[in-house]
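By letter and in written order, the chains are A, B, C, D and E; residue numbering begins at 1 in each of them.
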Amino acid sequence: MLLSPDDWQALLLTLKLATTVTVSLLLLGTPLAWWLARNPWKWTRTLGALVALPLVLPPSVLGFYLLLFMGPDGVIGKLMHALHLAALPFTFNGLVVASMLYSLPFMVQPLQSAFESLGNRPLEVAATLRASPLDAFFTVALPLTLPGFMAAIVLTFAHTVGEFGVVLMIGGNLPGITQVASVSVFDHVQSLEYHAASRLAAIMLLFSVLVLIPVYGWRAHREQHSQHD
Amino acid sequence: MLLSPDDWQALLLTLKLATTVTVSLLLLGTPLAWWLARNPWKWTRTLGALVALPLVLPPSVLGFYLLLFMGPDGVIGKLMHALHLAALPFTFNGLVVASMLYSLPFMVQPLQSAFESLGNRPLEVAATLRASPLDAFFTVALPLTLPGFMAAIVLTFAHTVGEFGVVLMIGGNLPGITQVASVSVFDHVQSLEYHAASRLAAIMLLFSVLVLIPVYGWRAHREQHSQHD
Amino acid sequence: AADLKFAMADIIQDFKHAHPDATINTVYGSSGNFYTQITQGAPYDVFFSADVRYPKRLEQAGKTASPVVPYAFGRLVLWSNSIDASKMTLASLTNPAIQHIAVANPKHAPYGQRAVEALHAAGVWSQVAPKLVYGENISQTTEFVQSGNAQVGLIALSLAVSPKLASQGKYWLIPDTLHSPMEQAYVLTDHAKGNPLAQQFVTYLASPAGQAIFVKYGFTLPDKQ
Amino acid sequence: MTEHTPSSLIEAKFYLPRRNFLLDVQFTLPAHGICAIFGASGSGKSTLLRCMAGLERAPNGYCKIHQHVWQNEKTWLPTHQRPIGYVFQEASLFPHLTVKQNLQYGVRRIPAPQHDPQHDNVVSHIIQLLDIEHLLPRKPQKLSGGERQRVGIARALVIQPQLLLMDEPLSALDDARKQEILPYLERLRDELSIPILYVTHNQHEVMRLADHILLLDQGRITLNSPLTEALGQSESPFSMVQEASVLLHTRVAQIDTAWQLARMDFAGGSLWLRNENLSVGQSVRLEVLARDASLVRERPQHTSIQNILPATIAHIGSGKHPALALITVHVGDTPFLVQISRRAAHDLQLAPGQNWWLQIKTAALVR
Amino acid sequence: MTEHTPSSLIEAKFYLPRRNFLLDVQFTLPAHGICAIFGASGSGKSTLLRCMAGLERAPNGYCKIHQHVWQNEKTWLPTHQRPIGYVFQEASLFPHLTVKQNLQYGVRRIPAPQHDPQHDNVVSHIIQLLDIEHLLPRKPQKLSGGERQRVGIARALVIQPQLLLMDEPLSALDDARKQEILPYLERLRDELSIPILYVTHNQHEVMRLADHILLLDQGRITLNSPLTEALGQSESPFSMVQEASVLLHTRVAQIDTAWQLARMDFAGGSLWLRNENLSVGQSVRLEVLARDASLVRERPQHTSIQNILPATIAHIGSGKHPALALITVHVGDTPFLVQISRRAAHDLQLAPGQNWWLQIKTAALVR
């Protein structure tokens, strides 16, 4: 085997995390981006810039603040407790929540810009053909903004795979639970185990390519859609 | 003063770095995104996914590899030496190069998707009105893909401000040269100086808002452009 | 090394008293990073590490301008800001009320490695292992405890006695018989060649005034070992 | 299909201010047949159609079709719940779907109870009629302008709407294609009794298709009347914008197969017309342009003009151009308009009550 | 402005295969006046125009205007270097610019040597003519369909191109607006001697504007000839797709101000026409539709028809419909076409050589 069992475990965990975060953000970010792009109030779109603010903080610092908020004395921690939910720090769910917050702009910004360029006409046509707004979203707006979705998915997925500052703080580096591959590579480098680090890094790249290329292949397949006469 | 002189220095350095990186990436990423979006070869667009790959590596690991490449024994280091150029590691220029590599996808992906949705017609019209391709790019394509540019600029700027793993590795945390605000906040947190960390973080957020909102205000001003009849 | 941060701040202050013109910049971070950076020509003059192995590796790589000099031994404590740690022992960590115990990453942080050794030696490893959460370094380990997410942490004595933490919580010193000695060392790098200030600084460290500061922050001096 | 009882009406009222424009209309139309919406560029035709479709929300508006309220103070039926078909002024096909998928898009979404078992036939008939079969697998960006518009029309028709809103559907088409599609629209009107609101700026299309006319001028309705009436009044707003003509409701009385001619009877006489798939007994509307009619005192013996009818001058009016006079004559009870030069009217000393022969060239009658 | 010597030609050759279509044309046209490109939907009209503009790159193609080679084996002039104006089939205004900025876009880019000092007047004249002054500050998405097209036309005109390519520019406009713009296009043609390639499917526009006609059918040229010739041949491909008519080149000989009539002389006779800003001596082209002409043996005395000319039957042909005959008659040397029913031709025993009276209604003559 090229990698230690721990590294394999970390890799699988990474894929699980990145997939969970990307899918969750797709579900959450799409309506948000839609609202930001199409709300008639002139400054709504500017609000969109605010979702990018968490990015401005260094990951581990953001992680630290999240740890405070999610801890037993933090707002979120108390809320979770009041709702009889498990505490988030040092759990996979905590990682998901933290990564979502940090990767949110990578999902929202490209989608927002794609939705802004869409225009009303396609949706109007869909409505005259009996499509409800939701139906029209899926059958018209989504295919027509596919390049934007691809950009959003690629950025979110790749960023979640590579991010480890926030993850480290919230996750506590627990093997099999919160120790993702990015942390493992980092640990290898810190321990001066350069060979192990390079192998894991190479395999992370490979996996990411394997995940991203099919997404893109699908897009290439439909490339002509985005061309106008 | 709210901040120590060192922190102010770091903040200014951050703004300088983020601005330099954003502007350089705008110059570099725009033609790249244009080529990726509009090259007729079907799979070119898929190549676009590859620019996202550096993201997959944890920042400090990427920084580690960059350091090896740029160091005296690395490929780039030797090349720079052969060209009688100053070595990159532990210099501001080194930071710029490293941050550009790491933030490239945030510039390229949103632009690529915006260019893909543009269509040929506006450029054809411009050509019939005597606009050379470059002229048409600036006077037609750019204004029509403004939402994409905004997304790209916001993501790139915010990410460069917040990123510190790569920066720490390549820059070496030299005050006034490579010690940017994100590293300072990190240092404060590491030194358990939470008040100083929070103050600096808050001011970073504020500065970023001040930088990003005007960009967006401009966009809100022109919002009606992206609407079609 | 983050455990040195507070002691070093005092030392530099004193040193500057003696050398008013000297400018000294300190950079704190992980030994692994510094090792890589110094091998790639980073402009650092003196490299302090909580783990003597990193300066030694640097010496092997031929990037040093002096022998590796041990300056202190670090000590490990149990620390908490929510429970009275001074009344605890390692055995109390098995208490079910304690859900998370913060330690530094044993893969590369010396405090983490010694913490694991101590837990083994105390015979509580198998019970507490599932409760461990790993900070990347000793600062993060402390943050886990400070934020209340871990009830107790195994951190550096130098941090526990520092002005930042002394008022926040109490500690119990883990007997140094439970782990191998944590030898800390420094080395002058290639870059220090031709920089007399670097030599002056390390000379000051060995002076009684310098040594007193180490002691104040809970370090054991090499000759006391 | 809804019966067209007199109560089958389209009632609407919209007030929609825009920066440089105000749509302010209130009207009641019969909810059957074709209503032409006619007016200059920028007069608000498209905006009115958009209000009907629910694409534009005019507050305090009102819209009721066949007793179904689509909009009033309390109700707002969103566009996708209105059983309409809409042909946009620009074809607006979905660029990500093939022509076939564009057509299927609406068909798939027809509510089940409205689904007609014969629907597949209808669809393939429409496809054939608009000659788009060979385009089905293509993407819209690979079509010519006229092809796109044909697909746009087909897409609105295949969903079998209860109200068809068409915004200049034929203006991108060549005459031959127009002539091919017009009969189908007539059939839609006659057989399916779908009411159609039809925006056009082509007078021929109005004459050919419309039962009713709504004239718009700067966002206001200047005329709302059955077409026949609008044509009768020589001073109505419609006569001011169109070429003078009358509309005859005729019946095919005889077919001369040798010469491919048909005799069309109307109240007061009959006209010969070239036979184009007519059958005896069929009702046909004929437009007779005033400029195609002429008057002569004595019936000419050897003339190529086949239709010469005895007529009584009823009224002498003026035409749109100062050189022209517009004479109303009666053939039996049926009025005709004759456009002649004022000089001729003067030279011939025309006066109401005189009897003249009305000449109409066979060939000038176009269905 | 370029002289139109006989050598002023547009020569082109394009071969452009597409999945379901092949454009395969080679032609030489006079580089002055208006050349109508006529053909059914999908016949390749827009594609041909795009090749001329350099928007479509047909390999091994050839394109030369006024001795300037735009495309051959070695040369390829990109679109923005071709001195053309292009009106797209869909107006295609820049959505991010106001109407005014859309107009200025091209003006700003006119190469300095081509800049005409009187240009500002030209621009404001064009703006006035197309009645878009009040639209100048608006964004295109706030315009109606017809308004957009008018701006699109203006945008192509204001850059004073040396070749104007117009793709169905008027089809979105109402008749009144068309009538207003047509004279301007005529003036462009006559005064500026800009050659215009004009895609249309409206026969009236062809008659009114074109000097030359290019007929396209499924990507191939089926006719390339001066319009007058194309109309003369009753069996030419053009007569198969259009309504039979003749084009007369006339001169205003007399104006009757009392009756607002004008006498138009042509070789062999004269016709009365209503006077619309005509002045004596002016050359005017008249289209006389075959369906507006009739024949009568004896000259009628009291008739509203003002134009009755002695004519000799030259040829008896058949019309497009089996009920119709198409008679060629000569008035002096000028041929006219008369469309009558075959039954009338038979009943009247028409034969070449006979002398009849040709009747043409004044009012039926439209410029």
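By definition in this document, contacts are C-beta pairs under 8 Å (C-beta built on N, C-alpha and C of every residue); 3 or more make two chains touch, one makes a residue touch a chain.
Here the structure is a predicted model, which means the values were calculated and not measured.
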{"item": "Third chains touching both subunit E and subunit C", "value": "B"}
{"item": "Chain whose average C-alpha position is farthest from subunit E's own", "value": "C"}
{"item": "Centroid comparison with subunit D (C-alpha atoms), farthest chain", "value": "C"}
{"item": "Geometric centre distance via CA averages, subunit D-subunit A, whole Å", "value": "56"}
{"item": "Where subunit C and subunit D are represented by their mean Cα positions, the distance between them in whole Å", "value": "91"}
{"item": "Gap in Å, rounded to a whole number, between the CA centres of subunit B and subunit A", "value": "19"}
{"item": "CA centroid of subunit B to CA centroid of subunit C, Å", "value": "36"}
{"item": "Subunit D: positions in contact with at least two other chains", "value": "142-143"}
{"item": "Residues of subunit B engaged with two or more neighbouring chains", "value": "60, 64, 121, 144, 189, 226-229"}
{"item": "Sites on subunit C at which at least two other chains make contact", "value": "33, 36, 140, 143"}
{"item": "Chains touching one another, given as label pairs in label order", "value": "A-B, A-C, A-D, B-C, B-E, D-E"}
{"item": "Of subunit C, residues touching subunit B in the complex", "value": "2, 5, 25, 27-29, 33, 36-37, 39-44, 137, 139-140, 142-143, 146, 159, 162, 164-165"}
{"item": "Subunit B partner contacts - residues on subunit A that touch it in the complex", "value": "37, 42-43, 45-46, 48-50, 52-62, 64-65, 105-106, 109-110, 112-114, 116-117, 119-121, 144-145, 147-148, 150-151, 154-155, 158-159, 161-165, 182-183, 185-186, 189, 197, 201, 204-205, 208-209, 212-213, 215-217, 219-220, 223, 226-229"}
{"item": "Residues on subunit E engaged by subunit D in the complex (per definition of touch)", "value": "18-20, 39-42, 44-47, 89-90, 134, 138, 142-147, 150, 167-168, 171-177, 201-203, 241, 256, 258-261, 272, 274-276, 290-292, 294-298, 300-306, 319, 321-324, 327, 338-346, 348, 359, 361-364"}
{"item": "List of subunit A residues in touch with subunit D within their complex", "value": "121-122, 124-133, 135-136, 139-140, 143-144, 222, 224-229"}
{"item": "Touching residues (chain side subunit D, partner subunit A) in the complex", "value": "53-55, 78-80, 84-86, 88, 92, 94-96, 105-106, 109-111, 139-143, 155-156, 159"}
